[in-house]
Amino acid sequence: MKIRKSLALIIACAAAVSVVGGCSGSEKNVGTGAISKVTTTDEYPIESNEKITYFCNMSDVAESMNETEFGKALVEQTGIQVEFQHPTAGSSSDSFNLMIASGEYPDIIENSWANFGLSKSISDGVAIPLNEVVEKVSPNFKKLLEEHSEIKRDITTNDGDIAMYPFYRGDDLLCTYVGAMVREDILDELGMELPETIDEWEAMLRAFKGKVEVPCYVDLTPSKMRGVDMFLGAYNVDSDLYVDNGKVKFGPCEDGFRQWVEKMIAWYNEGLIEKDFANIDSKRVTSLVVGGQMGAVMGYCGSNFGTWLPTLKEKNPEAKLVPVKYPVMNKGDRPQFGHKEPRVLGIGAVISTQCKNPEIAARLLDFGYSEKGHMLYNFGIEGESYKMKDNVPTYTSKILNSEEELSLPISKALELYTRVSASAPFVQDKGYITQYYRNETQREALKIWSDNAEEEHYLPLVQFTTEENQKQSKIMSDIRTYVDEAVLKMIMGVTPISEYDSFVSTIKSMGIDKAVEINQKAYDRYLSK
Amino acid sequence: MRSKIEKTHQRRLKETIFRDLKQNGSLYILILPVLAFYIIFAYGPMYGALIAFKDFSPAKGILGSNWVGLAHFKDFLTSHYFFRLLKNTLTISISTLVVTFPSAIIFALLINEIRTKWFAKTVQTITYMPHFISLVVMCGLVTNFTSSGGIINDLAALFRFERKTLLNDPRYFVPIYVVSDLWQHMGWNSIIYLAALAGIDQGLYEAASLDGAGRFRQTILITIPCIMPTIIIMFILAVGKIVNVGYEKIILLYNPVTYEKADVISSFVYRKGLEDMQFSYSTAVGLFNSLVTFILVTITNFLSRKYQGVGLW
Amino acid sequence: MKLMFVLFGTERNDYKMLDKPTWQQRIFGIVNGSIMIILMIVMFYPVWYVFCASFSNANEFIAYDGVLLLPIKPTIAAYEGAFRHPLIFDSYLNTLFIVIVGTALSTILTAIAAYFMSRKNVFFKRPISLMIIFTMYFNGGLVPLYLIVKNLGLLDSIASLILPSLLSVYNIVVMRAGFDSLPDSIEESAKIDGAGHIIILFRILLPIVLPTVAVIILYYGVSYWNAWFNASIFMKSRNKFPLQLVLRQILLENETNEMSSGIDTGDQMALSETIKHAVTMIATIPVLCLYPLLQKYFIKGIMIGAVKG
């Protein structure tokens, strides 16, 4: 299983997804006949003959978003004609770059701007600064910015221009989806409690030995642990660059990291963690978990535990996998590290320089942040994909039981009616995730796992200058390779831990100080925005 | 005097060309679509290689991006890992070449020796199949077989070897890589030789047989010389792939503990590309690879033309 | 007359059949046969594994660890899942069209290019050959190719899946090696009969190097069959996608860990594990049949050596 690898992948190339929107309470003005400038800006549908072209990701559930229930509803509710364009799944970053290189931009481009760079999108002439349209015709988005002023840092360029309408997670529950679960039934049998500290974990894993084939599976490759610190977090460091009280630090150079390595060496030698973790096939992890031969395991809440939990239950009704908190050093502490992504991920929609009528495009995008848009983006169409139950939007069986009713997996059924699983410009509602995870244990896991302070340590998407970027990326890619290799060799006993000092000095000689300095500068700029 | 000689030369050249066009005119017309293809789809985009010397930004376009000179080449060549990457790349590809190249030939020869036709056909068809199974599945099987509880360790345990995860030991990486390559592609690679064998004049064997040559001698004296031109051409083509070890299989099989033997140029660029856009950097690395390859191929081609009279050009 | 012999020559008896095998030959035959049987088993296993996985019960399959020898609790659920995909049939037709038209065009042009490169006494042969071979080692990358395809107006057309990959230098070189191995006398006698280049190439030479032609057809056929990358960037309309691209999307979407954008949206279904394998089977079986079809051209003795005399 390649949890961390995929995590890096996700963070690195998360490709944005779609949509559009706008709207709010008053619908009375149907057919004012005027273009947006004239009507008050919070009224939908507006009347416009303009066709907005919109580039965004979509799976192959339909030919294009124009064909989905969501797309139709969006056009109807906003009154704006939209023509969607989609890259092929798996080639979205190529498609995006080719589209940009071809010089013909659609009006709205949804993408992950982390790699391309928001500042660059404006300085290279792809996107327009949005300050004016946000001020004039995006009341809903403006309200969001006023309520959550921290968003602004993530969506403005170094020059202070607002560059995009972001995907925004409305709750911490939505920011966490990786964590560990343990076999509570075995613990009960042993008369043990769920572990909280490293020592309790150690005791538990020892007790698991002999009870199951593999006491614990967790990938200890540092580069794959970025932002997901299982045991390392208890030592108050991250495996890569992170922030500690406003200062950028590199984990492996810190003392805590060494203590963690020492502990992992001990556990590895004792056989407490899967020896093949660096090369294990995801199929084998699955077979160990559902075969009941795994004591504790780290995984994705949806794609791993979503499959494991029901299958394990079916194979062994007694077995009970339950989520555990990220471990700490002293009992009662709150985990300082763990898995929690920022609420703004660098994903969002920009209005291109070739857009003839930016105000219409802006209104389309603003719809996503309005009340009506919120419902459409998150839950779809009332009466079809959701119903209000006690004032809470609840997905209908069309969604929750989609395999039978629509012959589609739930993720695709949601794609037909909503854009909630896509990283579109809107505020994601936690009501989605609590229903999407159909298993009670998964829902509980979110609560337990998200109880950590990772957000205080996450290095946000800072913006580098071209020169800075080139320099730090060269230094960091060499160092990450080195750290992965050296750390795993120590854990697996190929090199002794006594080499640790020379390990740190090698990192220094490879230029870590320079890279940290560059990141610190960029981080300071970020904070001062 | 000199100008006179030059003039004569020019005139001769003109005459030669004129005669050539007259004689082979229809041939040139035939080749036109082929030339058009290469001019449009191969030479047309060639200017794209310029981005190796630029800081490519899709929005500014290939020609509009800023020049950075040799910065990307410098980045790559001065990387902490440059020599290791180059060494590993060459070790893996040369080992693969040395093992798989002759294997395909020997395999084709062995199939050729099978007397029962249906059996020969079955062998060919079956051994050609794994070529079409995706790398992910193949590498999943390899990982499984070589794990400490896998079938290879089961066999080794019979001989009282200690169980261990073979893919965690750098020493085994190259052998595993090469053997799995053989496993997946040997049948497919042998097809071209089977075709060459099918083209051999059967009369030659008859004559040799009458002269009392046994089958082994016939193979040495007739079969191999007859397919030699094919072998040489395939060899030169294979040399052209020496610097290019694809990253897909590497990243499916390696892990940080085996980096010292397994990390190659392409996998390094791949990891780097996960972090930021690397159009220019990967183009620079590609161009570097192309240059090395082209030099190697030119040398091989020269040698082969000199000693065997066969070459790519 | 010799020419007629070349074109319509009959297959000769395998000389070896006439000999009585010596005991060494018998031992060799047994050893050789055994090696082949072992190789067949080893090499068939991956295909068999995918086959078994695709017919296994998903929950049982994901819980199983070890060497898979038979489908576990056989079911066709995975195939039902795979065929539920709306684009499977359209894309099958698209791929068939691309493979047939593409392979035909490619093979003809490859034959022409190889024929040209194998001529002697052609003044511009070397520069042109070099120019063609050069492209095997240097290319301009994706962006300019995309722009050219776009400027030619080929985006989103089936032609964009054939034209940019029409010729492979590798195959031209292989084909040329086939022509080079022929004696000059064949061509000369044809020329005396007054045949032009087209006749010589298509009526005389190609039938003689039929095994090589079969290899070229196989190479092109397989590469068109397996191609997906160009389609993923040149095609916009999903109903024009080739099979491999559709299958790739199914694989990517069912890839539990490595997809998703920002949130963890992989399908929470054990079935996706077996669907992946069903999809592989669907995409692979037709191409596995291609080889047996072409195999008859690999039989010894089609080319008649006697023409040499």
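Going by the order they are written in, the chains are A, B and C; count residues from 1 in each one.
Please note the rule applied: a contact is a pair of C-beta atoms (placed from the backbone, for glycine too) under 8 Å apart; a residue touches a chain by one contact, two chains touch by 3 or more.
Values in this document were obtained by computation on a predicted structure and should not be read as measured data.
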Reference chain C; chain at largest CA-centroid distance: A
Two chains sharing the most contacts, counting C-beta pairs only: B-C
Distance from chain C to chain B - Cα centre to Cα centre, in angstrom: 17
CA centroid of chain A to CA centroid of chain C, Å: 40
Residue list for chain A, restricted to those that touch at least two other chains: 9, 97-98, 101, 283-284
For chain C, residues contacting two or more additional chains: 142-143, 147
Sites on chain B at which at least two other chains make contact: 58, 62, 144, 279
Contact set on chain C toward chain B in their complex: 12, 14-17, 19, 22, 24-25, 28-29, 32-33, 35-36, 39-40, 42-47, 49-50, 67, 109, 112-113, 115-116, 119, 121-124, 126, 128-133, 135-145, 147-148, 152, 163-164, 166-167, 170, 173-174, 177-178, 180-181, 196-198, 209, 211-212, 214-215, 218, 277, 280, 284, 287-288, 291-292, 295, 297-306, 308
Interface residues, chain B side, partner chain C - complex: 16-17, 20, 23-24, 26-28, 30-31, 33-35, 37-38, 40-49, 51, 58, 62, 107, 110-115, 117, 119, 121-130, 132-134, 137-138, 141, 144, 151, 183-184, 186-187, 191-192, 194-206, 209, 214-215, 226, 229-230, 233-234, 237, 240, 279, 283, 286-287, 290, 293-294, 297, 310, 312-313
Chain A - residues contacting chain C, complex: 1-3, 5-6, 9-10, 14-17, 57, 59-60, 63-64, 85-86, 88-91, 94-95, 97-98, 101-102, 112, 167, 174, 177-178, 282-284, 286-288, 290-291, 300-304, 306-307, 311, 314-315, 341, 345, 347, 403, 407, 409-411, 421-423, 433, 438
Residue numbers on chain A that touch chain B, as the complex places them: 8-9, 12-13, 97-98, 100-101, 103, 115-116, 120-121, 124-126, 221, 275-276, 278-281, 283-284, 466, 469-470, 473-474, 476-478, 480-482, 484-485, 487-489, 492, 494, 510
Chain B - residues contacting chain A, complex: 55, 57-62, 71, 75, 79-81, 140, 143-144, 147-148, 165, 167-168, 253, 255-257, 259-260, 263, 268, 271-272, 274-277, 279
